[in-house]
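Before anything else, here is the set of structures, which you'll find just below.
Both of the next two complexes hold chain A, though its partner changes from chain B to chain C.
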Partner chain A sequence: MPSASSLISPKEHYLARAQQQTDTDLPPWLHNQRKTAALQLRSLDFPSPREEAWKYTNVATLSKICYELPSVAPLTQEQTATFRAACFDPQSWNRLVFINGHFAPEFSRFETLPAADGFLGPLKQALQNADESRRMEPYLGQGITPDEHLFAALGSALWQDGFYLRLAPDKVLKNPVHVIHLGSTGSPVLPHPLWVSRHLIRLERGSKATVFETYLSLPSESGLTLACSEVQLDAGANLEHVKLQIEAPQTDHISSASACLGRDSQYQLLTLSAGSHLARQNLRVRLDAEGANAQIRGLDLLHGQQHADNHLLIDHAKPNGSSQQFFKGVLADSAHLVFTGRIHVHPDAQKTNAYQLNKHLLLSEKAGVDSRPQLEIFADDVRCTHGAAIGQLDDEMLFYLKSRGLPENIARKMLTLGFAHDVLENINDANMKARLETVLSDQLQKLTHDR
Partner chain B sequence: MKGTDVLLDQDYKYGFVTDIETDTIPAGLNEDIVRLISRKKNEPAFMLEWRLKAYQRWLTMTEPAWQRVHYPQINFNDVVYYSAPKKKGDGPKSLDEVDPELLRTYEKLGIPLQEQKMLAGVAVDAVFDSVSVATTFKKKLEDAGVIFCSFSEAIQKHPDLIKKYMGSVVPHSDNFYAALNAAVFSDGSFVYIPKGVRCPMELSTYFRINAADTGQFERTLIVADEGSYVSYLEGCTAPKRDKNQLHAAVVELVALGNAEIRYATVQNWYAGDKQGKGGIYNFVTKRGKCAGAHSKISWTQVETGSAITWKYPGVILQGDYSTGEFYSVALTNNYQQADTGTKMLHIGKHTKSTIVSKGISARFGENTYRGLVKVSPKAEGARNYTQCDSLLIGDRCIANTFPYIEVDNHSARVEHEATTSKISEEQLFYCQQRGLSAENAVSMIISGFCKEVFNKLPMEFAVEANKLLGVSLEGSVG
Partner chain C sequence: MLEVKDLRVSIEDKEILKGLSLSVRAGEVHAIMGPNGSGKSTLARAIAGHPSYTVTGGSIRYDGQDLLALAPDERARAGVFLAFQYPVDIPGVGNSYFLRAALNEVRKHRGQRELDAMEFLDLIKGKIKELDMDPELLKRPVNEGFSGGEKKRNEILQMTLLEPKLALLDETDSGLDIDALRIVADGVNRLRNPQRAIVVVTHYQRLLNYIVPDYVHVLVEGRVVKSGGKELALQLEAQGYDWVKPQTVAAH
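Moving on, here comes the complex of A and B:
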């Protein structure tokens, strides 16, 4: 039974949408970038499991749907309630809210930085400022280019808005920034909304910031999130970055993030993913100057039919860099988790110290994990290690707790929580930590409910 | 030159050529060549059928391109697929009838075929270019009921066993090079250990490529019947030539219930010169099947030779409680490349596998570990432990580690660890401070690095392997 949308292929549909983008207010350089992305889109196909990078993740289902860009619409009561639930941030924090990819000023509140200190606000607004636009040009769209895969091209061609943070040298942004992405069907109601956002964080020499991103959607949604974020840290800059993904179970989430680290800069990223039916995170960190440090941590809590795929590349391009990757997954029901983490050390990147560990806990018979930790070393004076472990709860530990009088299900919950919790250990901000712990225990409740 | 440099620069001492009359067929590959090889070996019809089936399949296949080794396009029509020392009459009935030139060759390689001179307790099957020239200790093995002979002989004398097991682990359609091998393989070794028999001695095959422009395509099949045990070792060398030569072998192991097979390889094919010219392309498919419960297959490999080594000896763990092991040392010096590792497929319940891989890259060498551990949904209680270490010598070498871990059963326990580092200054300093020369210090550290693997080799060969590593690394360390 052909419907109106199945008359054209999803790709043709997206190409048409790309052409309809009326960005007359965008600077010419960005306009050209979008045109290039649309051209790339034409030559790319949806990734198939035959490609090494997508071997374990099949996007066939979502490649058959024509997702539609929602327009700006006032929030319904239900939407407002969902949104309120995500607002754990104290009054002092900056908050930027995007609904369906569009900036929502009525829910946002943030300090306006003096031009000498930098810029904080929605990307589109920043582009109106000729100075900021000029400053953005060398970075926006450089970390994630549309030729990488079809979703990157889609993201580049169709993004609606996003957030932009720039800090001038030595500026410390005292209050964290909370960015909330809320997906809803919009008005008129769309069966398959497409939420496309693009973000840029640039911390100049010696500056420091904390950014917390929340991706969520209404429980009944079945849309697709495409998010691209680029991070540029200049010498000595320091960014603490947390991404929380708790989207509705029928949505899909494909994100690409790229960070470029300058001399002695520090990047700490934590991703906690518990939402979406299919979630794919592409993450690339380039240690582009001497002495840079990257700490990447991830926690996936999956149940039902969920499928998550973390695809990482840590690219050590210069000497004396260090990187740590620490990923854990807890899987219940028929959930499936994929981890691919590559450490690449260039010939000149001597004295590199790179570490990677991924550990996964299988709570049910049907859960599965595919893990590909990879080392690619072109230098000799390095120390690179990786480890992977997949298993279930330790019988001896269970026995120990039971012998102390705890019922089996409580003992299991305790051990599972203990396994997952150490990913959150290094979070400095108490509010943030509390929020993540709440999500963790709520999710574990779902994962261990009947066991 | 620093101590480590002296260690890497030693000549390949097995690089000589034996001047011997050969029976060589024209280069090229087509159906007639396949028929000619089969006819030369006087094979029964089922073999020709199988070869032709493989050849037809091979024609439809394309060369893989995912591997981390680089070589110019191979023209399969330039390769000579069959070359054998000329037989006098019906071929040798005993060692006394083997061409003395051949015996001298093996003696020069350190593999004397006269039984009184041999390592006591090791039976050798010597394969020269395309055919098996001699098998020692036949009598003693026969008394134990063990069949150890060349593959061609097995086809003539034990066609039922061949029909039953050939292709049962590596089918003719398995991959590009396995299909090629199935079509044109010339000889190899065949071993059958009957029920409950513990093979009274180590078995060994010594492969030698001599003729120019030939490819060597041998096929080895080892079947260990219920409750039996066998330990098998293969060694390989080839003359120095400027042109690359192709070696595409297939090894199949079948272990039935409670049987154990230990298979060790000391591979020292000619690696090419310091500029990376010449050398063997060692593209091999090796796989074992633990078909019965409580069976065990253990692969040990020391890969120091070949311009390119590209193989993944694996184990299909089908029987419940079966065990697979893989112990490997792969060395790439100068312009050598290696993409090697293992596949452990857990199918049966409570199956176990252990993987220990040591890669050493020196100078411009590129060394890749690639491995798969797959736990299928039914493989309850599967257990795997993997350790991959890489040692880097020199700042232009490359070390990659690409493990694939696929777990579809929650009761599985899979662990993987990998490290990459160079010999630390502290370790060197410590040894030198105790009076060792830099060269000895390095060689000691390297042999310590590889010890876990060498411990798995039969004793005589462990000593040999240690020496070999020293020789292959000569001059590159420092």
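Moving on, here comes the complex of A and C:
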């Protein structure tokens, strides 16, 4: 009944959807969690720019829309082509595909881990397994809780599916996992689809994995992606995590990721965002035991009216931890980028070494950046450095390149690529690196041509 | 080949070149000398088309066309090359990648086939050897962390690669050790031919023993105040610039 639904507010609409969630097969603990999330949803409002954390990102437009959960539908030719274009992963990799938030077994292929090694698969499938469900309970929904903001509550109350990876102690997952999220309108065609996913990665003591996530949507999609990822690294575990966001220009994207790092564990996260209309990434890393290391890198390539907001909290709770935040942005046209990097060092966290650098390149006078470092240091023996720089292409460099015969647009692209490229430097896997380089180069083509 | 007439160039509203004329024919080598700040680099950079230099009067014709009507990259593709006095570092841009891109732009313009990575590597390896350069410099970002002399050799490497019709060398000799000076000069001399013109800006007569000029010009306060043959350089070396300067006063 479209006429009726247009009369209710988006929040009422989401509450109704939360009530209609028919996953009766979920374990009771999760059922309760979703109920709690729905209750939270009732008491929360859409974040407003009056709140410090949302000061530069206005969600007013999307708060007026009743986004709708699409159902499972076969892919059209166009959708299949878009999906195929994102499949750079070699045969040996694991691939899990989610279409409109639902697991798509026909496009997925992944190894079934022996129970002694862990679990890899869709979250809902893992929950059917009583053992895994019990193992998940202390982690799923604990890193990102529904009381944080309305989108977190929405994510908790409405998630459709996601991926789950658990590795048993000392297990090394040799082949990377590629998780593809494809958004489409589904069938029947929805004007405003909502894609909600939830992921959990738990690496037990000394285990190691590489996870590559791709978020994409069809060219004309004006949907909303809500993604929540929780990462738990036990002592000595090592995760290389890449998130590539190349959604359509009308898509909005709000994601929250939370990682909890155990003793001497290592977390490497790289986010490359080139798509979507509005993208808000909440990233929170807690160095929860001694000697943990977090390397968080980000690259935003924005043009047109795109707006991206990277909101980080690096929480140093225990001694001898180290963290590096390295974020770069390239902005053309009227694009806008926000960076908030909060480093919180608890009184306990002596000998912390925290580093933050963000550098932005403005290719247009109308583009803008708001960069905010926030240091909250409550321990005395720490090293904390931060820096931010915003600049334009250097005229001398541009002239140098042109004086060698390179046309303006190629010279600009070359310099821009030179600026952005080092964010990708530490990527170990050659396929992964090549994929990111291709996206970078394609996107820079859009950012630098004919300006 | 190059016809500079009454050229007036300003930077940030300050006039640097005050009616400079210079005529260079194909096959010739010209040397430009003159005190610091007299406008030698300004002339070279204005010919290359640097956007900070405003041409307020006069003309530059190159190869029968109005050079000032061309953008810097068009000038380069048409065969104008400037070896910079202070080559800029370009972080993040690989030297080899840059050189191949530049060469292919120029080749395209000349109606030649573009070189693929392998062909380019073969070509550049030979050139690198001629100039006695460390091949590692190809892998590094353009000029980044290069020593003064390495930067100058990298300029000459680009010149020998792009094979310009008009090469302007702005103090390419300064910063080079004695051996490098000869190697670079040899590189320049190999390029000398009846179709090509070379203009070298230098403070030192020494370079001109290796690259023997047909003409020497003295630039003072934005004008050519004296021109002569290669012996003029020896005279300047012995006597300094004072004896040429009064003429500029007289010209006012």
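Methods note: the second predicted complex is superposed on the first by the 443 of 451 C-alpha atoms of A that agree within 3 Å, B and C clash if a C-alpha of one lies under 4 Å from a C-alpha of the other, contacts with A are read in each partner's own complex, and residues count from 1 in each chain.
Keep in mind that, in the parts below, a contact is a pair of C-beta atoms (placed from the backbone, for glycine too) under 8 Å apart; a residue touches a chain by one contact, two chains touch by 3 or more.
Everything quoted here is computed from the prediction, not taken from an experiment.
With the C-alpha superposition on chain A as described, chain C and chain B fit side by side in the combined arrangement. Using the contact criterion defined above for the overlaid structures, shared-chain residue A:Asp131 touches neither chain B nor chain C, since it reaches no partner. Put chain B and chain C next to each other and count what each touches on chain A; the higher total goes to B. Judged by the touch definition given at the top, the superposed model places A:Leu415 against chain C, while chain B stays out of reach.
Of the two partner chains, chain B is the only one touched by A:Arg383; chain C is not.
In the overlay built on the shared chain, the residue A:Asp45 is in contact with neither chain B nor chain C. When both complexes are overlaid on chain A, the residue A:Ser403 reaches chain C alone and has no touch with chain B. In the superposition on chain A, contact is made by A:Leu375 with chain B only, not with chain C. Touch criterion met: A:Leu362 reaches chain B, while chain C stays clear of it.
Across the overlaid complexes, the C-alpha centre of chain A sees chain B and chain C at an angle of 70°, to the nearest 10.
Figure legend note: chain B and chain C, brought together by superposition on chain A, show a least Cα distance of 14 Å. Residues 394-397, 399-408, 410-411, 414-415, 417-422 of chain A touch chain C in their complex.
Against chain B, in their complex, chain A makes its touches with residues 52, 347, 350, 360, 362-392.
On the chain C side of its complex with chain A, the touching residues are 48-52, 71-73, 75-77, 81-82, 84, 87-88, 90-93, 98, 101-102, 105-106, 109, 141-142, 158, 162.
Residues of chain B that touch chain A in their complex: 66, 377, 390, 392-422.
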